[in-house]
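Each of the next two complexes has chain A plus one other chain: chain B in the first, chain C in the second.
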Partner chain A sequence: MLNPLESVRRKVRLLILLSAARNAGLVPLPASRLHILAYLADVLSPVWNLDPYDGKVLKRPDGPFFPELQHDLDRLVGTGMATVTDVGHVSIGQERLQVSSSYSINADLSSDVLQYIEATPDEAVAAEFLRELMLAISAMSDEDIDRAFLQDATYSNKRAGSGTVIDFAEWTDTNFSALAADRIGQLVPTNAEVGPSEKVHLYFRHLQRRLHGGR
Partner chain B sequence: MGANGLGKTTLITLLYRMLSGPFDIPNLTAGEELGSRRLEATALPPFVRSQFAGRVSDQAKTARATVSIIVGGRAVQIERKLNNLALLQVTVEGEIHANLNEDAYQELICRLAGVGSFGDFLLMLRYLVFYFEDRRALVWDQSAQRQLLRMLFLPPDQAKRWTEMEREILVEDSQVRNFQAVVGREEKSLNKNLVKAASASTLKVELEALEVLQENSREKIRALGEYTADLDNRRQQSRASFLASQQEREARFRAVEAAKLVAIQSRFPEKAATGRYILAHLMTEHDCLVCGTHVPDVAKEYTKRVESDECVVCATPLGQAEGIVEAREVADERVKRRTDALIAAERTLDGDRAANAVAEAEFDEHRRTLAVLEAETAERANRIDALALALPPSETAMRGQRDDLARLRAQFETRKENLAILRSEFAEFVAERTDDLLRQSEVIVSSFAEYASAFLSERTALTWSTYRARVGQTGDLIDFPSFGLEMTGSDFGDTVKRTGPADVSESQREFIDLAFRMALMRAATDNEAGTLIIDTPESSLDAVFAKRAGQVLLRFSNQPGNHLIVTSNLVEGSLIPTLVEGIKQKPNPKDRLVDLFVIARPTAAVQEEAEEYGRVRKRLLGDELI
Partner chain C sequence: MAGAKLGPWHGAELRKTADAFSGDGSDNDLPEEVRFARGVGRLLLKRIRSVGATMRRDAISVFLLHPDGIASVPAKREPMLGDGGVEVAGRIWFVSETAQSGKSIEPPSIDAGAVFDHVAELGLGAVPAVAFNPTVEPPTLRYYPRGLNDHHNPEVIEINDIEVTAERIETIIERLWEACFITPDAQISGGSDVWADASQHWAASNAEAVVQAHIKAALAIGLVDCTIRDEQPTVAGRVDIEIERKDPVDPSKWSRPFEIEVKVLRHAGRTGRKTSAKLIQWWIKRGIRQAAAYRDARNAENGMLCCFDMRNSDHGDDYADNDNKAFAATHNVTMVRKFLYNDAEALRVARYGS
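Moving on to the complex of A and B:
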């Protein structure tokens, strides 16, 4: 059974994520890209001193995908707070399909919830983090975003093979991505302090360089 | 003379620091008796050395001061830097002593003043010559008196010997008390061990029982610990299976959903993607995405409409429109196969979910059990430690402790006896020196009566007496020489002993002490030459006493060789006119007045009220001195 409270938390997080994606010009978001963004948000949340919503992910060749999150996204469509376009599915082999529809936020129906979130200190910080994250990732092309997980320090860790669970915050706290973002922040040749926003921006720039053959 | 803030006290302090240099007797706090504190001159901390630097904006970098004094009949000039009180030069009878360090200066000044140590010299300045605002009273401080009498009336070597003997007793007294504390601790420890020995058998029984329990618990923890890795491994695998099943179920679900979607997409208006999405989901999962309700009957109805080529929403027959997918598409073999696969995936997911929950619960329970056992073991370990401490040491160790204590007691007794001998020698020494001091008492008593009668209406008399005090915190009391004050009061005719400053009025208090100082000076100096430096004496005087005070001060200053320096605010009353009259009788009267209204940097109040201050100055000083 799905935990109803967890489900509400995920729905709130989905609304914040969709709203931030809209601000960064990233909507409509295809389902696979939305799941990649949700994963990156989880794995980089320690840079902002936030706890991730989900501290684990099943490693798949096609990238991260969270069935419970998809379930909640479907519910948001049902309530009208999210809208769906390009409804469709894509085969992942052996008569198994993955939803490929694209999602946006319905600004009219979700505005009350978003305003309430902004007035709640903890959620407002989470919203600020997701806004920064989306702005940082919007500098990448759609193709690069869809492949970003391939160079992410945690997801690409060769010690975890496909089909195994990558645990970065549930039972362990081995989060190479957050460590890498911190380390990259320290390498900046300036005396000025590098804040969490800058670290996230620098981390995505680093991913982009690696996707194009750089180190 | 000046107003508040013009620098009267600074000038008096400057005079003192020119003589003391960067040294002083520590902790001479106003209002406290001198007691038996160490009378050794100690270097001042940097912030006190630079006290004058803070008064000016350039930190007195280049400021220097020179004081000219007569000490022991010799003319001495001392020059110091004002930013840190460093000694620059000392001249004695015109002979320059360049490059003199503080040690050499202190030795020189002590020799000239005829005192045994620089500490004594500073004590003399503070209790005899300088009368600062903090008013260190001498006549009521018997411990200070005994030091002053010693210093003024005994030859320097005897005075020094007195101090050394007193210091030796204080050091020894402190060590004996420390020793006593050590002996006390050892006695307590031995007693404790004796008590422990009495209850040892009960403690041993409890300790043995606890150690058995502890060993059992440790064995359980070890055994449980071996399972931890296995249980963790199991829950990791369960989680992986559960997540994989979730993914599988999702993929199977979306496959069925896709098939349903194909069937309904042409039965929906082109732009109603969200509607199609919701219906496809409902027909696949039988859950309403809008309200979350599980509605299999509704799903069945919608599926029937699709199969009958009716509008999914309103059931209107649609006919064979172009692009419409055949109804059998929905019910074909492929959909059935996909649905079967979904059902199988859901079964697996349910099983994996349950297995995952069990694995996690087992692991959590295992951790809880371990935590409880570990907490119990830690608590029991504390109790075992406490019991081990409560057990007595071995017989051999206790015998050793008894021997040690006996040795310590013997040493303690020896030191106590030594201390008693030191005290007795000192008491004898003081008794002999008191006879020497008694020879001076007559002059002191008569001089005091002379000075005091000019100031006080009451009949006053100094009486020579001994007071008993302890040197250190233990031991017998020793008789010391001292003077007491007797005085007639307004409601009793005979003289009555006044034991403290609270027994007399404020006006009387300061001038009784001044009279005592003047008397001591007269008795201590063959040529009657002495110096008094008094900071703002007018503050405690009423109008009548102010005039008398002025006259007493003039009488002191008129005695050959004496010097008097008085600072005063510009106050109405008789003190200033009386002193001014005295000055006018002397040669070069203008040189005898330091008028801070003329030479000091004016304060804001002085600038603002310049006219008023001018009028009062003229009235009090007269034209001759302005």
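Moving on to the complex of A and C:
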């Protein structure tokens, strides 16, 4: 059974995420890409001194997927706050098909809600983080975003096999992605004190290099 | 140990990325439209550096801070735009504040006037815009913070590899002062107000922070090839503004052309309590000392003290006494001062006589 309070929190997060993606020119977002972005936001949130919404993820060959998040996303479409386009289907093997669609924010309908949400101190910081995260990710091609999890420092850790749960903030605090972002910030050649925004940008620059064999 | 903590990632690889991309995302505290102008300037500088000799030169391009694009004209996202490898000429680009990626459409004509008209026809004439003109030598970049509808007052952005000199910084500060600070009427509304009560020459308590933020933004647009950092820690205290410059060929090589200390010289604070002439000179000397100390602590090439003078009379070149002028010369600190008139009439009297 879905926890109603958690569901509201996830919807708030989804609205902020979709708004940030729009600001970075990334919408419409295919569902699978949206789940990848939600995961990356979770795993990098400590860089911004924020707690992740979900501190664990099931490792799947196709990338992260959060059933509750998908449920709440569909509810947002039902309210009109989010819009859906490119409805189709994709093969998921063994002659099975899965419905696929792309999501955007309905800017007209959600603007008042977002204004209210972002006026609350906690959500304002979360909005700032997600905005910067999406801007950093926008330097990557859609194809690279869709396979970003393959090189993410946490998801790609071979100690966690496919089908296992990767815990980065529930019972353990080992988050390789956030640690890597901090480390890369310490390595800038000018020895400048680097803020969380630059760390996030550098993280995705490095992830992109890894996706392309270190180039 | 270090490697184990990062899972499959390794420190040596991270250093290469840090070398190549340090500074990315460091400008997130700038106003959105300033960051946009800087982002476009940076991508075009990269383009000129890499393919300047062979890039298309027969048409302008316009960049709009409108990442959504046009709903009625589908356009594919171009993610590598920010790296400078994409041909931009003859198109209208829809980008975010970082201009890392963008969508574009082809206007009906490549004639510059027709492109501007088309932006207005799209209903985007009030959107912050940057126009790049590669048809002239050297190519020019004009920034329209209030959109192309207000095309009479563009700000020119330099996109050449020019040395960062004291004169260049002073010119940038001069333009900022003329546009935003010379009189209270010139000031942008809201948080940029440095006066608590201009009629009585009372400065706001956060005047220095306001001036510092504006100088940082002005330098971010004026020196697009540099990273502008603020509040960097040193053993001698926190630097107000620091300028970093990467070698255009080898990003692992860099320099720090300037450390800038910002001071406001107050006639009186927000409660009306007056500042003595002696205290003003002490404040200037402290600024000179800070600029020298930060320059040395950060291995920078130069130190600069930038004073925004809010006193009730303009002392001209004698704003600093001879002792302070000698002190600055001894420690090789460049001094810049701008006088803030407390109303437009005071400015007119100063320029045209009473």
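Worth pointing out:
Definition applied: the second predicted complex is superposed on the first by the 207 of 215 C-alpha atoms of A that agree within 3 Å, B and C clash if a C-alpha of one lies under 4 Å from a C-alpha of the other, contacts with A are read in each partner's own complex, and residues count from 1 in each chain.
Everything that follows uses one rule, which is that a residue touches a chain if its C-beta (ideal position, glycine included) is under 8 Å from a C-beta of that chain, and two chains touch if they have at least 3 such contacts.
Quick caveat: nothing in here was measured; it's all calculated off a predicted structure.
Clash-free side-by-side placement of chain B and chain C is the outcome of superposition onto chain A. Applying the stated contact rule after C-alpha superposition, one finds that A:Gly213 touches neither chain B nor chain C.
Touch criterion met: A:Thr164 reaches chain B, while chain C stays clear of it. Judged by the number of chain A residues each one touches, C leads among chain B and chain C.
Of the two partner chains placed by the overlay, neither chain B nor chain C lies in contact with A:Pro61.
Within the superposed three-chain model, A:Pro121 lies out of touch with both chain B and chain C [touch as defined at top]. Once the two complexes are overlaid on the shared chain, A:Val87 sits against chain B while remaining clear of chain C. By the touch criterion defined above, A:Gly78 lies against chain B but remains apart from chain C after alignment on the C-alpha atoms of chain A. Vectors from the Cα centre of chain A to those of chain B and chain C enclose 60° in the overlay, to the nearest 10.
Contact with chain C, but none with chain B, is seen for A:Asn23 once the two complexes are overlaid on the shared chain. Contacts of A:Ser101 after superposition: chain B is touched, whereas chain C is not reached. By the touch criterion stated above, A:Ser197 is placed in contact with chain C alone, chain B being left untouched. In the composite built from the two structures, the nearest CA pair linking chain B and chain C is 12 Å apart.
Chain A uses no single residue to touch chain B in one structure and chain C in the other.
By the touch criterion stated above, chain C contacts chain A in their complex at residues 2, 5-9, 11, 13-26, 28, 67-69, 77, 79-80, 82-83, 94-98, 100-103, 227, 229, 232-233, 242, 244, 251-252, 254, 256. Per the touch definition, chain A reaches chain C in the complex via residues 22-27, 132, 135-136, 138-142, 144, 153-154, 156-159, 176, 179-180, 183-185, 187-190, 192-195, 197-202, 205-206, 209-210, 214. Listing the residues of chain A that touch chain B in their complex gives 56, 58, 60, 65, 67-68, 70, 74-75, 77-80, 83-89, 92, 95-99, 101, 163-165, 171. Those residues of chain B that touch chain A in the shared complex are 236, 239-240, 243-244, 246-252, 254-255, 257-258, 261, 273-274, 276-278, 280-281, 288-292, 337-338, 341.
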